[in-house]
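Heads up, the next two complexes both have chain A, just with different partners, chain B and then chain C.
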Partner chain A sequence: MKSPEEIETSLRMWVQRKAPGLQTEVQPTTPLLASGIIKSLHLAELIMMLEMWRGEPIDVQSLIPGDFQDIETIMRRFFSTQPRESQ
Partner chain B sequence: MNAPDSTWIRIGLSWHSNGQSVLSGPLLRLAKRLDELFLRLASKWQAEEFHFPTFVCASKLNQVDYFRAFPHLATFPVSLEQTPENIDEFVKGKVMDESGALLLTRTDPIKEILTPAACYPLYIHHQRSHFAAPGYFTVRNTCFRREMQYRPLVRQWAFNMREIVCMGTQDEVSNFLHTAQEQVTQLLGALKIPYQWQIATDPFFRPTQNPNYIMQRVSPVKQEAVYRDDVALGSVNLHRDHFGAEFALLRDGKPMNSGCVAFGLERWLYALIMEHGLNPEHWPDLDSLISNPSGHSK
Partner chain C sequence: MRMDSIDSAFVDKLSAISLRTARDPHTHIQNWPAQIPADAWYTSPELLSMYGTPYWAQIDEAARKRLSLLEACNFYSLNIHGEKALMGGLAARLYDRGNHPVTKYLHHFLAEENKHSVLFGEFCMRYLGKLYPDRKISLHRSMERAEADFLFFAKVLIFEEIADHYNLHMAHDERLHPVARQINENHHFEESRHLAFGRRMLAQLSADYVARLSKERQRELSQYLSTYLAATWHEYYQFDVYRDAGFAEPMEVAAALWDHPAQREHRATVSRKCVCELAQIGLTLEASEL
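On to the complex of A and B.
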């Protein structure tokens, strides 16, 4: 199983591939949805990757606004051992 | 309310169990005033008014993937294949079975859909247009959405939707939606209708399998004014460049953003009656609101 650091690197590379025209390197806080780098057609692939890396499914109905905001948020939301803050 | 009782009938509501209502008398007058109020709101942006026909070209809606996203809601106009032999065959047959279902012979290919939302024809009408400034439009149409169950005024197969639409830059659309939401808030307050703004998603078929639904969950684009936790009276919707890109609605060579505020007329009637009662004398004075939309009704 990948370490969190390896997952973050893989995730960043995946995002970078989705934005070939991006002038700067994708950072942990680069907005993914608001910037239009990640579009709805990418989401199924993203969710499948996240499920594979964390070894368990993601319940789409449990997703909330901001979950895919940036890489830092994705890492905290899906790969943190800390309990999720109540919404 | 499952079926209107005699008091509702007296104020002008008749109900067809196939999800359609008939308005007359005081209720019809209220509906007309209500729509004038929405038009008055649209005039804030000097929105250009359009009236579109009922049918929308299916291939145009297919461009925005409508039939994969909302197949369960679609209603189609069907006609007999236009050959004398086929029509003869139909006429000479039984025509209808005992359940009331027509026994159609061959039908023409279905290339149209009955308008499922008032604003779709606007984007289609303006396709391949270059805008030099933001465009503001308003449109009302009878919309058709097939549902599993119907409720008078609340969930109908055929219902009236008034929309105000902005096509512009991201900032222009965002400002429009912000102002529109404020105006709807003010209007509901003036009409003394309790509500809450709630984040919502569109009614996708098998939503969890649809990437657009997932996108709406993680990056909301729709807020609904929900009456007593039950009925969405209206919504404020951001489309981003969804329609701008598909229909080539361009500004400075780039696809425009768009957004709309939508009102379900029958649902507003429902909330007004539920809050103010079945006696027309107790209904809010919409005429004074039409002349002064930010004012207070009696």
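On to the complex of A and C.
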């Protein structure tokens, strides 16, 4: 099982791979969908990785675009031990 | 969209063939075996995602055959998920703007897609007890009608051309278990009409919509469809399959297979047909994500 730090690093590398033309390094708060760095079509691949790292399936019906706002949000949404705030 | 401007003789001909050759999925395969043998092929070996990679050499014949069953179920699952989206899109276009000749064929198209899902689902539920999951999310954005129609048919073309390559290959592969061969043959039989219809629709939509766009907008469409092509292919490398095949690090396996040159070449070869078809209407798909 990867540690949260390892997951965040893997996540950043994956995002960077999806945007090879990006001039700057992706930060935890870099907007992902809004900036077009990742597209909705990339989400299935991302969800597959998140499920693997979590070790449990994700109910895609419960997801909203805001869940993928940036790396910090993804980490909080899918890897936080804290209960999720109500939407 | 000018769906009504498509040649009505052409759609009438497709409808007539659909009527004449209609198959009932509930009786098309008369005798589903209660169990299927473990020592049979369900996907052609050269179409398996490990073929041509070091993993292929590492696993024995029994494991290869087990993988061929799991990948068959993944192929059927991704077809069901794709057909669900396709059926929704087709249903939304029935009787659209008085397109009556086209609607007559859309009814057949829709019914045939549903029939394919019956066979795919039956196989998966009988012999694996589940479907592999659909992880696609649609983030709706507003777009003009012509763009929505064009993207719908362009995505259908990409999805179906890839699936049809697999169907056609396996429909004639005598090594396959007869049920697997029959399912692939049946799908190809009806998909060839769907593809002919889709190509005609795309040509029409291209003349009506894409040709009017700026070069920059055409480039954006090409980029979007390139990403769609890669996303479609990712479904052929599901980590769930490698987990069920007994690999301890299935995500790493999926990533390694995706990156392997033999698999890159396979994807490029199979994609060539839809890439060429889109190039003919002025959209150049980039292979960088493949």
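As a convention for this text, the second predicted complex is superposed on the first by the 86 of 87 C-alpha atoms of A that agree within 3 Å, B and C clash if a C-alpha of one lies under 4 Å from a C-alpha of the other, contacts with A are read in each partner's own complex, and residues count from 1 in each chain.
Here is the rule we use: a residue touches a chain if its C-beta (ideal position, glycine included) is under 8 Å from a C-beta of that chain, and two chains touch if they have at least 3 such contacts.
Bear in mind the structure is a predicted one, so any value in this text is a computation, not a measurement.
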Legend entry - chain C versus chain B on the shared chain A, clash or fit after superposition: clash
Inset, instruction - Please work out whether A:Pro20 is in contact with chain B alone, chain C alone, both, or neither, and reply first, second, both or neither. - result: second
Inset, instruction - Pick one for A:Gly66: touches chain B only (first), chain C only (second), both, or neither. - result: first
Legend entry - Touched partner set for A:Met52, first chain B, second chain C, both or neither: second
Inset, instruction - Scan A:Leu41 for contacts with chain B and chain C and give back first, second, both or neither. - result: both
Inset, instruction - Applying the touch criterion given at the start, work out whether A:Met1 contacts chain B, chain C, both or neither, answering first, second, both or neither. - result: neither
Inset, instruction - Determine, under the contact definition given at the top, whether A:Leu33 touches first (chain B), second (chain C), both, or neither. - result: both
Legend entry - Where chain A meets both chain C and chain B, residue numbers: 33, 39-44, 47, 60, 63, 65
Legend entry - Residue ranges of chain A in contact with chain C within the complex: 20, 33, 39-45, 47-49, 51-53, 57-58, 60, 63, 65
Legend entry - Touching residues (chain side chain C, partner chain A) in the complex: 133-139, 224, 227-228, 230-231, 234-235, 238-239, 250-251, 254, 288
Inset, instruction - Sort out for me which residues of chain A touch chain B in the complex. - result: 33-34, 39-44, 47, 60-61, 63-69
Legend entry - Partner chain A, residues of chain B touching it in the complex: 199, 207-208, 211-215, 217-220
